[in-house]
Amino acid sequence: MSSFDFTTSLGSAQFANPIFTASGCAGSGKELSQFFPLENLGAVVTKSIMLKPRSGRATPRMAETPSGMLNSIGLQGPGIDIFLENDIPWLVSQGATTVVSIAGESVEDYAILARRLRAVPGISALEVNISCPNVENRGQVFACDPVTARAAVESVRRNIGGELPIIAKLSPDVTDIAHIAAEVVSAGADGVALINTVLGMVIDTNTLRPKLAGKTGGLSGPAIRPVAVRAIYQVRSRLPHVSILGMGGVASGRDALELILAGANAVSVGTANFGNPLATMMVKSELEQLLQDKGFNSLREASGYAHRPEGNYDH
Amino acid sequence: MSSFDFTTSLGSAQFANPIFTASGCAGSGKELSQFFPLENLGAVVTKSIMLKPRSGRATPRMAETPSGMLNSIGLQGPGIDIFLENDIPWLVSQGATTVVSIAGESVEDYAILARRLRAVPGISALEVNISCPNVENRGQVFACDPVTARAAVESVRRNIGGELPIIAKLSPDVTDIAHIAAEVVSAGADGVALINTVLGMVIDTNTLRPKLAGKTGGLSGPAIRPVAVRAIYQVRSRLPHVSILGMGGVASGRDALELILAGANAVSVGTANFGNPLATMMVKSELEQLLQDKGFNSLREASGYAHRPEGNYDH
Amino acid sequence: MANHLAFALFKNGSLSVSSINRFARNIEAEITSNRKAGAYHHIALSVGEMAAFTRPGNFVAIKVGGENSNMVLRRAFAIYRSVDLGNGNGQIELVVAPHGQGSSWVAARAVGERLNIIGPLGTAFGIPTEPVRALLVGGGYGSAPLFGLSEVLKARGCRVDMVLGASTAMKIYAPLEGKRSVNALTITTDDGSAGIAGKVSDVVPDLIDSNAIDIVYSCGPMGMLEAITKISVEKGVLHQASVEESMACGIGVCMTCVLPVKGEDGVIRMLRSCIDGPVMNGEDVIWDSKRSIPEGTWGK
Amino acid sequence: MANHLAFALFKNGSLSVSSINRFARNIEAEITSNRKAGAYHHIALSVGEMAAFTRPGNFVAIKVGGENSNMVLRRAFAIYRSVDLGNGNGQIELVVAPHGQGSSWVAARAVGERLNIIGPLGTAFGIPTEPVRALLVGGGYGSAPLFGLSEVLKARGCRVDMVLGASTAMKIYAPLEGKRSVNALTITTDDGSAGIAGKVSDVVPDLIDSNAIDIVYSCGPMGMLEAITKISVEKGVLHQASVEESMACGIGVCMTCVLPVKGEDGVIRMLRSCIDGPVMNGEDVIWDSKRSIPEGTWGK
């Protein structure tokens, strides 16, 4: 029991356990800390932070869907200055392991953000959210084009220095996610975060218009879990040695195990926090128990285990 | 009441009502006909038929997922000869309006299937399922590449003659579905069917392997409805005059209305038949009632209604 | 008068995260009663010590649909009344309008079943430190938190008038024990099926004048809150409104429930109605901002 | 003998779609009883005329999870017994093992609740037209359809022996009234907690010999059915097996429940176990074909 090894790593960063909050689904950390100590998480992944303050999109910003939800928050946030002044020191004071998520509207934005974060203490890794519209390319999402995806990641890599691991967060709304993953890894990412939300829409049958002010929104929650598992499996097949932070519809230890068997090294919990503020803690203890019940000695052993050749029934 | 016009059309084909079965989700029609007369449907869309008999994939072929399911049937079917000999005459004998779905493994397959169907009486339209692996292009799915998507549709158009409307069925697993739609329409499609299943995977946490023998499968059911609505809305925006057969997670009249407001001219019901053999009949009567309650005089009036400019609150 | 009051009001309505939701707990609460009352269901829950920490204006977030639910989000309901029974026992009561899938599920629960709830959540109505003359304005189930507020105000020696409005009589929630807690109750219905035919905003200006009201508290549909804000600004009285935005989490982590609010520094920010609200200063809220971000908002 | 019987057997087991599921109806059936029996729940449903059309081997497909369910597919359960009460009244009984989310939901339903069911579905066990000596072999809840079959066989003058096996005593379903319907009952358990320690396949060869069995009927896990097929082929006796494949629709429209079956023409085809089964000729089924299509299958 006590010899079970629950630690994991993403690139060179080490984590005490593999359960993280998903970017944008844990507020500033403070709100969840009313329910449990943040230091019990593998890591807090912050809301994607941008250069400047952002009001985000108009409301309505959300619609519930079968086993999921749509959101179009539009990256509301205080901008990097206030973030560095308030959020990071507070997280450090809580003993929270912290992964900072950044988002930009141009390749230059990513560069500046990386430089601002370069020397900040208390950060374990960067998650580079490239599922944002690129204002220099007709609003096309960075992650949807291998060329711009590369450019954003290269820009971070060049400016961050050699220390902080970079995890590029990809959008599932592409024809070949493994190809995009290969591109960002060759551009210097240590790992990939899979998956961001799936583009969706709900029409309000009372107003007879799109329910969200932003019309389309990102689909998350259990509804998309099979898409997440597929994306992780595909990327793990193509890039057996890259770090994968998995996410998408995880609400139980069983769900987390699915993503880990598919190839994730760690798992972020997003939408499930909205229904259950203790979701991460529940997922964590259930996962640890399940892994031991299945006879694994460590989390690392289980990561990608679903890829073993047929006929091998060790567990 | 009695003046309400529920008819619709796809290209030049007319239908008494807009509720169809989805390809592959109604057997040969016979099985459902135990529960209601097929002539009450807008149309039966047949299982995608191929040139030769197909055993389909090994089992397990399905996994239930939150508000959805994965399938990997692998287009099991008798091939075009037996299909033309048995299935079509039987459907005609039932008074069923019939849309034939075809699928090929090469551009040539589509050509041959189109020629075989060209002079067959009792067919209202062709649905061209291009979400199949192209053996001539490393198994890449036709619908995932604008060039091969075009080629398949052109091949059908050239061989079918001018009579039968062609509806190209697209995969949502692409970066820009409106672009693919524009390509197939310029290649001669009268309309598009949106959406085929979303690629997904489930790992069996008992065997610790992918649950489906085919590893990945197609996600369907209410879970993907927001993706369908988004795809329909995007294509309707890009191609305001093209016919759209919508599908994806429709299980009630309310759901069908959502797809219609987004831009569908007719709606196919797939996975919902598995939970409720009378799903199509329920969707149909609920939709007719809802449209009238909202003050529409016809189905046509409602199609694409969610696109009207803001501030217009007629309904 | 007004400025002095405003200061006192925010003693219970602080905007700092570290004090908000400090007492929130996630518990399984047994339903001890579920009665139909007009268009609503009055539901009582046994909640242990949660009742002791509840202030008028707080709400709870309820998990809906049971174990195999296709609904992933909680539903927010104002706390109508909370009764601290001592020794860690207590009860809260809700007034639930069956609206869509989730609220209908809540309304249909039987006595003895347990609801998974998180509470108390959000800001509370500010309570003046001196006896003032208050007007409480509720629309539909928006009356729910006002009766508890009324009791507290009365205990502080305030005079409490109340106006309740709804489309029709069935949608007025005004139970006997609630009525007893106010000095005078006016009712309006759009269809005239009870009280005065019309909207609450038709009667509020006169009531403010004739009763020399110092402060208005309101809870109801956003359009009503906007109308009351206009009136209270015109009349120069304080106004606290309990807003209602679509919420996904109720605890401040999702950013879906925001609305534009002008701060003391004059800057408009998109604040979360679940954690910086639901009770807000009416005149600070930029109403009618659905589907657009007001010009000048921070970060637009 | 065998060939002659085989012909008679398929009188009730026709493979033509137009006759299969002809009597299937979709109804809301009230639960009249739900008792725990070992590891199972014995559930009785009031089903009206459906009972009159039910034959041993048929199954029902049950909608699970209630109105807001995240489960979109039905669950299949063999009909343990059907009682036609005349005048369009009738009852069917099920034996439900709480396995995953859906079957656990079914097992947890209370008396008085209604289940949405479709039935009777699928092929029935073929009944010989003359009195023969039958051995019924059940694994776990696979015993369910065998008791009803036994009653029918006895009524036709057959001698009926039965073997039931499970991992442990709790998983043997063999109610008193069921036992009465057979001439002799043998029980095996893997852990020896009841009857003979071992598998049913350990005792079946001897029973076939000692009782001069003409036909074996089996229902249980696929591994067991495969083992029984091997034995019955060796012994040259007929064998009808009720197979269990993962089903999405239960009515023949989805093609998920297929397995490879050799036809009279010697061709292997992927047949649907919901509509061309669940009862099939054991020796026609290509067992152990999970995760691959056998060589030579039509259309491979």
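Order of writing sets the labels: A, B, C and D. Residues in every chain begin at 1.
Here, a contact is a pair of C-beta atoms (placed from the backbone, for glycine too) under 8 Å apart; a residue touches a chain by one contact, two chains touch by 3 or more.
For clarity, every value in this text was computed on a predicted model and none was experimentally measured.
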Identity of the chain that, by mean CA position, is farthest from subunit C:
D
Rounded to the nearest whole Å, what is the centre-to-centre distance of subunit B and subunit C, using the mean of the C-alpha atoms as each centre?
47
Between subunit C and subunit A, distance of the C-alpha-averaged centres to the nearest whole Å:
35
Residue numbers in subunit A touching 2 or more other chains?
66-68, 221-222, 310
Shared-interface residues of subunit C (touching two or more other chains) are 70-71, 291
Could you classify the connectivity of these chains, where an edge means two chains touch, as line, ring, star, complete or other?
complete
Within the complex, subunit A is touched by subunit D residues 70, 291
Spell out the residues on subunit B that touch subunit A in their complex, using ranges where they run on.
63, 65-68, 70, 144-145, 173-176, 198-203, 205, 208-210, 215-217, 219, 221-227, 229-230, 233, 249, 254, 257-258, 261-262, 290, 294, 305-306, 308, 310, 315
Which residues, counting only subunit B, touch subunit D once they are in their complex?
24-28, 30-32, 34-35, 52-62, 64, 66-69, 71, 73, 76-79, 213, 221-222, 251, 271-278
Subunit D-touching residues of subunit A, taken from the complex the two chains share
66-67, 222, 310
Footprint of subunit D on subunit C - complex, ascending
64-71, 101, 105
